[in-house]
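Two complexes, one shared chain (chain A), two partners (chain B, chain C).
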Partner chain A sequence: MMPMIGRLPRTALLLVVILAASGLAQAGPAAQPGTLTVAYPQRVVSLDPHGTAAAERITIILGRHLFDTLVTWDPAAKRFQPALAERWRSVNPTTWEFELRRGVKFHDGSDLTAEAVRTTIERAKTVRGPLTPLFASVTAEATDPLRVVLRTAAPLGTLLSNLTMLGIVPAATPMTPAFGDRPIGTGPFRFVEMVRDTRVVLEANVNYWRPGIPKVRRLVFVDIPELSGRVTALETGEIDMTFQLTPEEIRRLRGSTTIKIEVGPTFYTRFLWLNASRKPLDDVRVRRAIARALNISAITSSLVAGIAKPATAPIGSNVLCYAEQPPYGYSGAEARRMLAEAGYARGIDVEMKWNDALPKEREVADAIVGQLALVGVRVRSTLQPRAIWVDDLVRLNWDMNLLGTGAVTGDADYSLGRLYHSRARRTGYVNPELDRLLDEAASTVNTAARCRLYQRVQEILWSEVPGVFLFESLEVYAYRTRVQSFTVPTSEIFSLSEVSVAP
Partner chain B sequence: MRGDGPRPAGQDGPEAARSRRRPLVATRKGRRVLATGVVLAAVAVAGLAGPLVVPYNPLGVRLEERLRPPGARLRDGAIAIFGTDQLGRDLFGQVVHGARVSMLVAGSTVVIAGCSGTAVGLLAGFTGGRTDTVLVALVDLQLAFPPLLLAILLAAMIGPSLANVILTLSVIRWAVFARLARGSALALREKEFVEAARALGASQYRILLAHLLPNALTPLVILATLQIALQMLAEAALSFLGLGIPHPLPSWGVTISQGRDYLQNAWWIATVPGAVMTLVVLSVGLFGDAVRDYLDPRFQP
Partner chain C sequence: MIGGVVTIIFLIVRVIPGDPAAVLLGTHATAELIAEQRAKMGLDRPLAVQYALFLRQVAVGDWGRSYHEGRPAFAIVLERLPATLELAAAAIAATLVLSVLLGSLAARRIQSTADYAIGVLSLVGQAIPNFWLGLVLILVFARTLRWLPSFGRGTPWHLVLPAVTLSVQLIGVMTRLIRAGIVETAGQDYVRTARAKGLAEPAVMTRHVYRNMLIPVVTMLGLQLGSLVAGVVVVETVFAWPGLGRLIVTAINNRDYPVVQASVTFVAALFVGLNLLVDLTYAALDPRIRYT
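And now, the complex of A and B:
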C-alpha cells in the first residue's frame, strides 16, 4: 500500500487543508448537523443538582437536560404535571405517596426505582446547598420498587413546588459534590464532558422515556462571558443561540434576517427595599411617597426596555399564587404632599446601597436617584463590592437597597416566606399579621387555599411598602433561524429537548 | 525655597544662560513650551471656570433625551454639543465637570507624591549609611509592586471616595520621585559647592534645603509633568473599575466605563471623553518634553 501514496494524494491533501483553513477564516467554525451550540454568560460552578450551585440559573438549566424531576409545574394549565412520578396523592397533610413511571432508565443503564428517589432526598439534605432547607423536614421511604412515600415533619404546602427543583439521581449516588463532575440522570441528554470555564457537552439520550425527544444529537454549551463576544459568535454562526442581551443589542439584532429574537418571562423580580426599622423610613407615608415618586414605566420603556416590565406584584406574574396589584400611581406632587404630611416638607436624606450584578443596575440606580431628587428625597448612592454588599444586606445595615430575587421554585413561598417573614430579618419590616398569614400558608397543603393566603400577603406588602417592587425581569433569547420549534419558556429556565436544528 | 544656591558648573554653560535670559517666544524650544502650555492652560481654565459657565446636574436624569448624538437639538431647544449619555444627561457638561475632578486628582496626587518622595529621596541620598539602606529598601519594595494593581488593592480595601482616590494614587507614585531625588542627592553631595557650604559651617538642613533641593528640582519637575498624565490615566482606570470617583461626581473614567456598554449604538459616550483625555494626556506629555528640552542646555533636537 505504501508506495501507492504518491505525489498526487499528498497535493490533494494539501489542497484540502488550505481550503479548510480558508473556509474557517471566512465563516468561523461551521455549524455541525445535529449539533446545537448555546453560549451562556455565567460560569458553570458545578453540575451537582443538589450542591451549593443548585440554585444557580445555568446549573438549573443544564439540570433540566440531564435530570428529570418527579413532577413539573405547568403555568399555562396552572397545575402540576406528572414526570418521573406518574401519579401522586396526599394521604394526609404530612404524607404523600408517589407512584413512579415504569421502565425509565438512568444514563448508566440502571433502573429508576423508589430507592433512587430516597437517595435523592437524602442527598439534597446531606450535600449542603440551597435545596437543603427545602427538604430539611422531608423523609422518604421506598415502600415498593416503584412506590415512594414522603413524610414531612409538619404540613408542607410547598412540597410539590420544591419537587419540581429536585433532579432525581441514581440509587447509591455518593453524597459528595464530586458527582457534579460526572452527573448521571434520566434526562433527555447525557453528560459527555465539562471543560471548566470553556464548555459543557451533552449528547442525546436515545433511550429517553418520552418518545421523539430529544431532537438534536449533541448539545454544546459554550462559556462566553462578554456580551459582545456572544453576539458576534451568534452573527458569524459559531453558536446557534444565546440569551441575556441588553436593550441596545436587542434593537440592533431585530433588523437581522438570520437571527430571531424572542422575549419570555422569568421568575425574577427587582425591587428597592426600604428599611422600615430606620428613620425616616419607619413611617409608612414616607415609604408610600417613595413608591409614588418613582416613574417606573419611564425606566422600563428606556433603560431596561425589552428586559423588564413594571412589576404588578411582589412576585412575578408567572409564579404560583401571583395576585395582581394596582400600579403605585406615579405622581411627584402626590409624593411631595405625602412627605410633607409625614413632617418632612424639606425632604429627607437616605442612603441607597446596591451592587451592579443585575443588568443595567447602574443606570437604574442613577435614574432612581434622579427621580427621587425631584421630590426632595436626597439619596446617597453607594455601589458596593458584592461581598460587602451581601454582608451589609443581611445585617440590615442600609436605608434603601436595590436588588432582585428569583422565585427559584416558581412558588410564592420561595420569595414571600423566605424574605418577608419577620423571622427572616431581611427587610426591617415587622407585621404580626403578615407572619401569621405566611406561617399558615406554608403549612397549607391545598393549593387554592394557599393562594388565597398569599393573595392577602401580597396586598399587605404592596400597600405597606417594605420595598418598592420595580420590575419583573424578562429574558431575551436570540437564535439563528436554523434553530427550529423553540418555544419561549414560562420562566428563565429553558429546555432545548424539543428543539431541532436544520442541517 | 530660594533658588540662589551655587549651580553645578556643568549645567551653567553660556548657551543655557543665553536662552534663559531671552523671552520664551524667542527660541524654538521656548515656543514649544508655550504651544503645549496653551493647551494645558485651556484645559485648566475649562476645568476651573467651566463648571461655573456650563451647568451640569449629575442627578438631572432625562430619560426621554437619552442617547442623543453630538449636535442634537433637545426638546427644550438646547443643543447637546457632545450629545447625551444613557440617562439623558448632557455629555459636554459631564466632560467639563469631569475635567475638574481629573485635574484635582492628578494635580494633588503628584504634589503629595512628589513632595513626600522628594523628601525621602533627598534625605536618603544625602545622609547615606543605614538611613539610606532602609529608605532604599522601602523604595524598592514599593516599586516592586505593579502600581495599578496596588492601587486597586488599596482602593478596594478603603472604599471609593474622592479623598481615598487621592490617597491611593499618592501612595503608588511617591517611590518614583524618591528614587530620582536620591540619585540627584548622591551626585550633588560630592560637589564643591556642597563641600564649601559644609566648610562654612552650614547646618545639614540648610545644605539640604538651600543647596541640594534647588539643584535637584529640574528633573523632578519634568518627572512631575509626566506623572500628571499617568495619574489622570490611573484615576480613569480606577473609576473605570468602579473603585474610583464615587457617584454622582462626574469623572472621565466613569463616563468612559459606562459608555463602553453603548459603543455599538452611542459611540460618543465613551469616545468623546476618551478623545478629550487623550488630547490632555498627550499635551501634558509634550509639555513635559518641551520643558525638559528648554531646561536642558545640552539637548540639541
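And now, the complex of A and C:
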C-alpha cells in the first residue's frame, strides 16, 4: 500500500476546513464608516469633462461630483439656478455676462476666476469631444477677475442649457486629454485615484463653497461589469448602491429588508429609427404602418416593466420643451391596410440593426420582430458589436435601427437639433420645414418662444415617423438602508453630495 | 514567430469591421468630429503606410498610445499583468495540487467507487462552462454563506473564487491524465524492480512513478495554457478582476488597436516563452533528453 497517498486526502480535507473556518471568521467585508461605495455598470474611460467621453453617463455622473458648472437647471422650478455664476444677464441676443461667485477655490488651491471660465470654453472647443459642437460658436472674454462675457456668433437659445454640462476647470489646465487622469475642479469631492476597470476614489472637499456639503468622507465607485455581480455585492454589503437593474432583479430585491429600491425618470428615450432614405421606408405610409403595428404598452408592461414607460413624445417628458403627443394607436388591421395602400399588400422585408447596450434590448428586439411579422413586415434582426453598430449608424447603413439617446443637457435642442436636422444626416429623413423650425428654435433666446417651435418639431416627428418613439427609460436605484437622504434625481444623472451613510 | 504574430494582429484588427474613432466618440458625436478623429489616429492613411509606421514604432519598442486612455499601450499591458499572473499562478497551483491528489487516489484504488466518482467529477469539471460556475460560486460562497468576497482584487480571499473557477476545467483534464499516467507507470518493470529491491513506497512513487509520468503532464499543462488565457478572459469579467483578459476584451470591443496589438503580442510571447520552459523542463525530468 501507499501510506503517503493515503494521508494526503485527509490533509487536504483539514486544509479545506481551516480555510472555510477562517472564511467564516471574516464573514464578508464590513462597510467603512463615512465611505459610500457605488458600483457602476459602465467602464470609466476618462474623467475629462470636455474630452471624448464627455457625454458618457458615468463621466457626467462623476463630473457632477468633481466639477461645478456656471448654472444648473432646476426641473422643479423650471428655471436655471446660480452655481459658480451668482448672476447673469443677456446683454443682447449674442452677448451674455456672468458674474462669478467670490471665494471659490479649485481643489488645487487656485481661485475660481473669469480666466478659468475662458480656459474651460477654449478647452471644450479644442479637446474635440461631444461637447465641442455645443460651444463651437462661443467665445469667452474675462472682463475682470470675476466677470466673464460669452459671445455667440449668432443668437444661441441653448447657451444656458449647454452650460449646465460644462464643468469649469482651472485657468492653467492643459488642452490635453491627460487631464482626465487627474481632474481638478471646484466640486464637492476631490479626485484621489482612478484604477481603470477597478475603481475611482473621491474624497470630500472640505472647503466646498456650499456649506454642509458633502456629507460623506469618501466616495468609491467600483467597476463590476456583471449585473448579477453588482446585485450580489449589494446584498453582501460590499457596496452600498448600484443602479440600472433589470425587472427580474427589481422583483427579487423588493422583498429585502436591507435594500431599498427607487425608480426615477431619465432624459433617455428609446426608439426604432426608420431610414427614410431607403425603400420602402421612404414612404411615410409604410413608416406609419410600422408605428401602428407595434404594441408598445405590451412591451412596457412585461419585458421592460419598471424600467421604461411608453414614450409620449420624441423626447423625455421631463426634458425642457417637451410636448405630449397622442398615442400611435396600436392596430394590426390598420397597419396592414396602410401597407396595402402604399402598395405593399404582400408585406415588406427590412433589416433591423441593434446593439445590446441597453437593458433588455435583446428581448425588445425579439418582440418588435414578432409584432411586425404579424402585419407582414419581415424583419431580419442583426445584433452588432458596438464598434460595428456605431460605425453603421453614423454612416446611415441600415433600414431600421433600434437605439436610444439621452438629452444630456435636459434641453429639447440636444436631441431634436442634434439628431433630426437634415444636416446631422442621422435618420435619412429630410424636411426643410423641420430644418427651418430647428434653426429658428436654436437661435431663439426666449424659452417660451423656443418651446412653441419645439412643440411643432415634435408634432412633425411624431406624425412623419422618421422613427417610432418607443419608451422613456426609467432608472432604478438600489441601495442599502444605511444610505440616507438619497433623493431620486429628475434625470439619470444623480448626485451623492447630500447623501450620508449610517455608521 | 512573434514577428508573424505582430503582422497578423495588425491585419486582423483592421480587417474586422468597426471604426475606432466612432466607438471612441460614441453616438453623441457628429460625423465631422468622427472623421477628424480618424485622421488624428492616422487611420485615414493607406494600410501599407500604417503598417510601415507601426513597424518603425515597434522596432524601437513603442506600441503606440491607447485611443481611449491616451497612455502608452505597452505600459497599460504591463500594469495589468500582475493581476493576471496572480490569478493564473493560483489556478495552476490549485490544479497541480488537486489533480495530483485526485489522480493518485483514483489510480491507487483503480475501478473502485472512489475511482469512478473521481472519473465522473473530472468529466463534469471539464464540461462545466466557467462563466456559469463562477456565478454559482458567487451565489453560494459570497451571497448565501458570506464567506468570500464576490468581486475585485485585494486580499488573498479575493483570489479564492476566481482561481477555483479558472482551475476546475484544468483539474478535470489533468486528473484523468495523471491517473492514466500512474496506472501505466506503476505497471512497468522498473517499478516492480524498485519495490523488489526493498525501496520504501514513498520513494518508489516520487523517484520512479511520478517522475516518469510527469512528461505528458507537463506537456499537457503547456498546451492548456492557451485555454487558460481564454478562461482568464471570462473569469476576470465575472469577478471584476482587473487583469489582462478584461483589458483585451475591452480593447477589442473598443477597437483600441494599439492596446490589442500590444496585449495580444505580449500574450503570444508569454505563451511561446512558457512552452519553451516546458521543453526545458523535459531535460530536467528525463536525463535522456539533452538540448545541444
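What we mean here is this: the second predicted complex is superposed on the first by the 476 of 503 C-alpha atoms of A that agree within 3 Å, B and C clash if a C-alpha of one lies under 4 Å from a C-alpha of the other, contacts with A are read in each partner's own complex, and residues count from 1 in each chain.
What we mean here is this: a contact is a pair of C-beta atoms (placed from the backbone, for glycine too) under 8 Å apart; a residue touches a chain by one contact, two chains touch by 3 or more.
Model, not experiment: these values are computed from the prediction.
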Note to self: With both complexes superposed on chain A, which partner does A:T382 reach: first (chain B), second (chain C), both or neither?
What the structure shows: first
Notebook entry, point to check: Should A:A373 be classified as contacting the first partner (chain B), the second (chain C), both, or neither?
Noted result: first
Checklist line | Greater residue coverage of chain A in the superposed arrangement, chain B or chain C | finding: C
Next item on the list: Applying the touch criterion given at the start, work out whether A:E363 contacts chain B, chain C, both or neither, answering first, second, both or neither.
Entry: first
Notebook entry, point to check: Which holds for A:R196: it touches chain B only (first), chain C only (second), both, or neither?
Noted result: second
Next item on the list: For A:E248, decide between first (touching chain B), second (touching chain C), both and neither.
Entry: first
Checklist line | Touched partner set for A:T312, first chain B, second chain C, both or neither | finding: neither
Margin query: Contacts for A:R128 in the overlay, against chain B (first) and chain C (second): which applies, first, second, both or neither?
Written below: second
Next item on the list: May I ask you to decide whether A:S302 touches chain B, chain C, both, or neither, giving the answer as first, second, both or neither?
Entry: first
Check: Of the two partner chains, chain B (first) and chain C (second), which one does A:T152 touch, if any: first, second, both, or neither?
Finding: neither
Notebook entry, point to check: Which residues form the common part of the chain A surface touched by chain B and by chain C?
Noted result: 228, 385
Item checked: chain A-facing residues of chain B, complex -> 59-61, 63-64, 66, 86-87, 156, 160, 242, 246-248, 258, 261-262, 264-266
Notebook entry, point to check: Mind pulling up the chain A residues that touch chain C in the complex?
Noted result: 1-6, 8-9, 12, 19-20, 23-24, 26-29, 43, 45-46, 52-53, 55-56, 128-130, 132-133, 176-178, 180-181, 195-198, 222-226, 228-229, 232-233, 235-236, 238, 385-388, 390-391, 393-394, 403, 405, 408, 418, 424-425
Note to self: Considering only the defined contacts, which chain C positions touch chain A in the complex?
What the structure shows: 17-20, 22-31, 33-34, 36-37, 40, 68-71, 97-98, 101, 104-105, 108, 135, 138-139, 141-143, 145-153, 157, 160, 201-202, 205, 237-240, 242, 246-247, 250, 253-255
Note to self: Considering only the defined contacts, which chain A positions touch chain B in the complex?
What the structure shows: 228, 246, 248-249, 251-252, 298-299, 302-303, 356, 362-363, 365-367, 369-371, 373, 381-383, 385
